[in-house]
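The structure that follows is given in the form of structure tokens.
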Amino acid sequence: MSGTLERAVNYGLLVLFSVLALAPIAGILLTAFHGPDAVVSGFAIPDPFTLDSFRQAWKEGAFGSSLWTSAMITSTTVALSTVLSLLTGYAFGTMRFRGSSFLFYVFLFGLLMPFEATIIPLYFDFRRIGLTDTVWGVILPSTALSIAFGTFWMRAFFLSAPRSLIEAARIDGASSLGVLVRVLLPYGRPAILTMVVLVFMWTWNDFLLSLVMLSGQNILTAPLSLVFFQTQRQTHVQLLAAASIIVAFPVLLVYVFLQRHFIRGMVSGSLKG
Amino acid sequence: MTSISYDRAAKRFGDVVALNDLSLEIADGEFMVLVGPSGSGKTTALRLLAGLEGLSAGHIRIGDEVVDRVAPRRRNIAMVFQDYALYPQMSVRENLAFGLKMAKIPRSEIDRRVFSAAEALGIEELLGRKPRQLSGGQRQRVALGRALVREPKAFLMDEPLSNLDAKLRAQTRGEIRRLQRAVGTTTVYVTHDQVEAMTMGDRIAVMSQGRLEQVGDPDTVYSHPANTFVATFIGSPAMSLVAMSSGAGAAPALTRGDLRVPLGERGLDVPGEVIVGVRPEHCRPWVDGASLAGPFSGRVEYVEALGRETFIGVEAADGARFVIEAEGNVRIGIGDTVAFGLAVGSLHLFDATTGVALAT
Amino acid sequence: MTSISYDRAAKRFGDVVALNDLSLEIADGEFMVLVGPSGSGKTTALRLLAGLEGLSAGHIRIGDEVVDRVAPRRRNIAMVFQDYALYPQMSVRENLAFGLKMAKIPRSEIDRRVFSAAEALGIEELLGRKPRQLSGGQRQRVALGRALVREPKAFLMDEPLSNLDAKLRAQTRGEIRRLQRAVGTTTVYVTHDQVEAMTMGDRIAVMSQGRLEQVGDPDTVYSHPANTFVATFIGSPAMSLVAMSSGAGAAPALTRGDLRVPLGERGLDVPGEVIVGVRPEHCRPWVDGASLAGPFSGRVEYVEALGRETFIGVEAADGARFVIEAEGNVRIGIGDTVAFGLAVGSLHLFDATTGVALAT
Amino acid sequence: MTAAASVEAAGGRHRGDVRPPGEPRRIGYLYVLPGLLVYAAFVLVPFGHTLWISFHAWDGITPSAWVGLDNYRRVFTDPQVRETFTHALVLVLFYALLPLVLGLLLAALLSRMRVRGISVFRAVLFLPQVVALVSVGIVWRWILAPDGPLNEGLRAAGLGSSARPWLGDFGWALPSVGLVGTWVMFGLAMVLLVAGAQKIPTSLYDAARVDGAGPVREFFVVTLPGLRNEIVVVLVLTTTAALRSFDLVYVMTGGGPGTSTSVPSYRLYTAAFQTGEAGLGAAIGIVLAIAIFIVAFAITRVGERSST
Amino acid sequence: ARSATTLVVQDGEGGNVARIAALKQLDRLFEKANPGVTIKHISKSYSDLVKTDALQLSGSNPPDVTHVNQGLGDLGQLVKAKLLTPLDGYAAKWGWGKRQSAALLTIDGRATPKGQIGSGSLYGISTTGDWVGVFYNKAKLKALGIGVPRTLAEFETALAAAKTAGETPIAFGNLDKWPGIHEFQSVLMAVAPAAQVGSTIFGKKGSKWSTAAVLKAAGTVQKWAQAGYYSDGFSGLGYDDATKKFQQGGAVFTITGTWKTGDMASSLKDNVGLMLLPSARAGKTPGALASGGLAWAIPAKAKNKELSAKYIDFITSPAAAKVIQAAGDVPAIVVTAKPGSGVRGDAITGWAKLSKTNAMAGYMDWATPTFYDTITAAIQELMAGKLTPASFAKKLDGDYLKFHST
């Protein structure tokens, strides 16, 4: 059999694609470890390795406060939307009530609708009631959008959960909230975790919503401050690289720690389409 | 006192009638087995009793209480699901304890009961494991244990052994029966396995197409099937059914074409057309001197040599088909002609149109 | 000429030896059944033959050709997979036709063959459906049909009836055998069901732990098991095995504690320790005058009343355990004492250490 | 998506059906309510409001005036607005089709073997998805600069003639942005597709082989049909991402050169928040939403059809 | 004691290190002069400022003092939306009219309630004078053996010579889109009278862009682009990158504003000079894109307008001008007869000359609210050869005439 050749080709392709995926990231890492005054070109190896560019970028871009803002916005959004979509997903996935399918379609609508389509009135309405330039101006819409996704995601999960598990719990004497909390939540950890990571990622990385909502710039999210930093320090590749890494770091951290569960959750049942 | 009674209970799913006016009384402490072909409504009957489905009509009583609108968690019954339905994230111990926790049983009492159930099932070593670390047989026993610890009013078991291999199945069968006898809890047990039905049940309820065909102890159901459905469903190979005429001639006899079965001392009240049922063990190769009616001759259609015994399918006069049980070492080929005799006293007679057994 | 031969064929998966030096000749047109417990290497043997796995050692021949390095699609065999492996996006017709299309059979010929196979299997109504619109039994038959249309050199079937209910299983069993006889294609058939093994195979190959334990026609395997493994694996309830001593005393007899089985006219060449095998049908309730050795007495451990017959598990002297086959209507309880006799002529004797059958 | 199908299955109950006693029902509303309120307040209501705005001429500050379908007319007739949708379609090619094809290729290759370290590869290939598009844009703007690493690499390889100001080139700016999208989306496609391929029962491959199929047939008979669901999901995710791309364009080209990389979301933003054409922006938003619905619907439809 | 007040000041000079340093120096002086006041200074890049100021000023929490971009799309819109505070009262009170010429104040900060610029109330005032000119590398010119060009023709000759010598004639990067405006309009100012360009920008009735001068300028720019007079890959090059190249001695000329003077001086020292792009019209003083730097304005929703006004007064005062000039920048007020030496001197001299000759015009992108998008895209297309000069002019008029007809 041509097994060995086939294997070699397959691994070769995998490695090639991985290199393509990693090269830009590696390039930016290498660049960032140059000192702020070094002359950088291409993928030069930094000599010496230094964190000076990170330090300077951190200071100039005031990333401390914007990371904090992002952390607040993201954690609140994740927490709120997770709890709310667990509840909605549970109802849609396990209960039958009048209009439930219609209501579910209503949520589905938000999953596909580009939120760009709502940002104009959101901005003007929020401005009127004074929510622009506050973290809530970002948290509320992103929570709402995450609920649309979370409802879809959790419903699929609850539907795929063995019905007899729920029934066994009912016979064992659990109430409807008891079934959710004591049986389904622990059972659904991978699915929930995946949802949390996705929402975390999307919220942290969001740009347009915060660009519009935080236009006053008294508070900035990390990606926002990165872009402002970019337009000011366009020519300073090391600083830009360092700043990009600073902003991407928390997501990367979350991803690296959870990727095992996360990718498993992505590829297993819940995305059955 | 936990008797259970179905009172004209019915369940429809859309157009499908899953259960059709089931009336069945189960005595306190009784072990009732529900058997029937796939889709006959066995699971539905159990689920109605558990409260997992709502009745379309009729009533169900547990003890003295009509439970039609009582939520499952208030019925105090325990159910073993065919697919175990173990909580995957909980250890065996937690699985066993869950129902007790819900019932707010004190901690120490829970521990005691869990341990004694685990011991009885031989799974006390496994208490710390998660379900996925167990083999199929072990899971099955945990599922059983989860019911047994509960000390509920009734056990409902839905094909609880269907996923075990033959050996483990035989073993667990005995264990369930022993435990149930020990605690005396009323039990409703669903199976499609005849050996289970025959060996475990105090009584057997045979169902077909949502209807109850016969209830009775295993022996009665085997020896006195109420109708042709039960007659052919219980027993393997199935009872042979042959349409015959009765009554013609002086001596009471059954006839079909050339075939003539003298009834001897056994009379026959109902003349006319009947269906005659013969179990293979009552249809033996002809041996002179044996107390059988015959000899009849038939052409061999197929031979099933199972080692212990050999079943021979024959076509006798006028297309009547019988299955003969012979010794395991009989040598015979397809197309051969064999002589066989019938144990007249053990023939079953059924009404030709309704299929209902005739009193004999 | 499509004979098949395994010549010291072996397969290892990492450390697991799935198949261990299998040598087996299958004649042209023969129906060979592979049986054995789970994990004994049956599927592996089939997959090697199909070319879906590579041999670790040894050779396989199909006809005159050594096929060790021939790709599956060039072997011209048809295989029925246990889980059907139907192409979900294709209709039944397309599923049946796929292999023929690959073989570039002309359109009209394909239609003809597909239809005749469908007719034989009673699925001609279903040709337009997709697999997911079929019941389990129907799918199973499509999977069979996909093999049968092919007119290959050999059929390989891996537990093809395992998912059918008892009735359909019996029916399809007959159908497969009939078709195979008609076309005379060499067939290798894997099953763990003894009834299938006994009724379908021209010969049976019993496997255990990757090793071939015995090959022979069903009757031989049942009546003359080569060793204790085969003896207990074939037959249900299993043959009782009791360790005994032979030779002591003047009259040839087997003894264990108080238990003494006179061998009568049947002599015994090998004195010393032996294992005695008794099938339930050779262990009957004591009836005066029957040609049995006995009476022996035993305490009833369990009773399995199956209607037709009742199996009684007893413990006789010195812990020797026997299973007695009694009539279906016998009345007996656990703890009772029964008297039983053994058919001495049908006892099986095995070497006490190797378990190999002793020539008798 | 099958979500829809199962909803119908659950809802198709006839009269005479009786609910299980004690099964939660009304309480379902209670579970849905909090989520629904938040969702309605910040998604549904604003969407309705957008619709309203889209029929007005409004600079976002002074009072608005009803103009009927004027804004929509502009979306469809003003070449500078219309072309943003064309650009989005081109991006679909790069965000959706290219990753899909590459992902299928890998899935086909990997479907038949166990890959050591597949989880590491998966994690690595998915990485670009994780990083904020803003960061991605900045990184790639640097890479694609006239004397950035890419051009330097080309020159070093003696391909200096292919070096060009990628993002400033009318012909290349849009494909460049698109290829960055490919880079981002490929991991997603490959993770889902390879995982899907590994869920296909191996006996199907075995059956095809025994039936006489070669590797190519095997792909079309077994792998492709087996991946139908995953393909639909991948296409929906990546296509919608392509249609609504904003971040990359904002950071990398600002819509230029000329308007060659302007996309609907970007145009919506400038219209609504910079040039005082909130009505036009709203209309673009509505048209974009409709476009996405149509595309998603078409994809799921085609996906379903190919299965029957 | 007075309670501490924080004054939020936002500039649009992000990236311009020298100028921001000077502004912060003024902040400190203002804080010293007004105990209890702390200034929180936000710097934003120019492009971020113009992309976000409308959003920001209409929000509930705008800065107290902010830069706004002059022009119809920014100042005009903001005034129309009543987001800015009229400064006439303060101007009268502190005599701003005497500090700066009426023409400059008009360019920088006048708008009508309908959003027309170039007349009406005063809403903005600048601290610096910004004009766009040609920085040239003296060493390179010398090496090429040419003097400082005096006419457009000479300039073109220099470009050709530089090209032939393998130098980059003009450092230019247009990825950010807006630098194209300076590039093009500078040439336009060289071929057309400043007043004519100015009145078109301010929307004087009957004006249009399809003029011989625009055609000529467009043709010239296109020709330069095709001749390779701009940096290689200028279309994919960032503005900062291009400027940096010039500062590193990578080009002979670059056309940009005096806001870069400080940076140029510190990197190229005496090696750099600044001049107006010479006129094509023989003997005429060339005009230039010029205005005050971004105009300081007070948002309508600012909380402490008196203080805000006081701050503006302070930073536009003659005292502040000295600080600015000392920092190497061009103050809006021509404060001294001693322009100093080097490129800083060139900037101040140039500003004085422009002020005196009224040769200032605003920036073309001020012309309509959407003109920034229109002209930047059009210039990119013109330079890429996608538009002929005629179609370029037509495209400008498409936007311009439509806006001014309604």
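Should a chain be cited, it is by its letter among A, B, C, D and E, assigned in written order, with residues numbered from 1 in that chain.
The definition used in the following text is that contacts are C-beta pairs under 8 Å (C-beta built on N, C-alpha and C of every residue); 3 or more make two chains touch, one makes a residue touch a chain.
Heads up on the chains, UniProt names are A, D = ABC-type sugar transport system permease component; B, C = ABC-type sugar transport system ATPase component.
All of these numbers come straight from a predicted model, not from anything done at the bench.
**Q** Going only between touching chains, how few steps reach chain E from chain B?
**A** Steps on the shortest route: 2.
**Q** Which chains are shared contacts of chain A and chain C?
**A** The common neighbours are B, D.
**Q** Suppose a student superposes the Cα atoms of chain B on chain C; what rotation angle should they report, nearest 5 degrees?
**A** Here the rotation carrying chain B onto chain C measures out at 175 degrees.
**Q** Go ahead and name the chain pair joined by the largest number of contacting C-beta pairs.
**A** Greatest number of C-beta pairs in contact occurs for A-D.
**Q** How big is the gap, in whole Å, between where the Cα atoms of chain B centre and where those of chain D centre?
**A** Inter-chain centre distance comes to 56 Å.
**Q** Quick one: chain B and chain C, Cα centre-to-centre, how many Å?
**A** Computed value for the inter-centroid distance: 26 Å.
**Q** For chain A and chain D, what's the span in angstrom between their mean Cα positions?
**A** 16
**Q** What are the residues of chain A that contact at least two other chains?
**A** Touching at least two other chains: 123, 170, 211-212, 215, 227.
**Q** Considering chain E alone, which of its residues make contact with at least two other chains?
**A** In chain E, the residues touching two or more other chains are 47, 52, 55, 58, 238, 241.
**Q** Hey, what residues on chain C touch two or more of the other chains?
**A** Residues 71.
**Q** Along chain E, where are the residues that touch chain D in the complex?
**A** Against chain D, the touching part of chain E is residues 47, 50-52, 54-55, 58, 73, 77, 80-83, 174-177, 231-238, 241, 369-370, 373, 376-378, 380-381, 384, 386.
**Q** In the complex formed with chain A, which residues of chain D make contact?
**A** On the chain D side, the touching residues are 1-4, 6-8, 10-11, 13, 19, 22-29, 31-32, 34-36, 38-39, 41-44, 46-47, 49-50, 52-53, 60, 102, 105-106, 109-110, 113, 115, 119, 121-136, 138-140, 142-143, 147-149, 152-153, 183, 186-187, 190-192, 195-196, 229-230, 232-233, 236, 240, 243-244, 246-247, 250-251, 264-265, 268-269, 272-273, 278, 281-282, 285-286, 288-289, 292-293, 296, 300, 303.
**Q** In their complex, what parts of chain B are in touch with chain D?
**A** Contacts found on chain B: 12-15, 51-56, 67-74.
**Q** Spell out the residues on chain B that touch chain C in their complex, using ranges where they run on.
**A** 37-38, 165-166, 174, 192, 194-195, 198-199, 218-219, 222-223, 234-237, 279-281, 302, 304-309, 325, 328-329
**Q** Under the stated contact criterion, what part of chain D meets chain B in this complex?
**A** Going by the criterion above, the answer is residues 12-14, 16-23.
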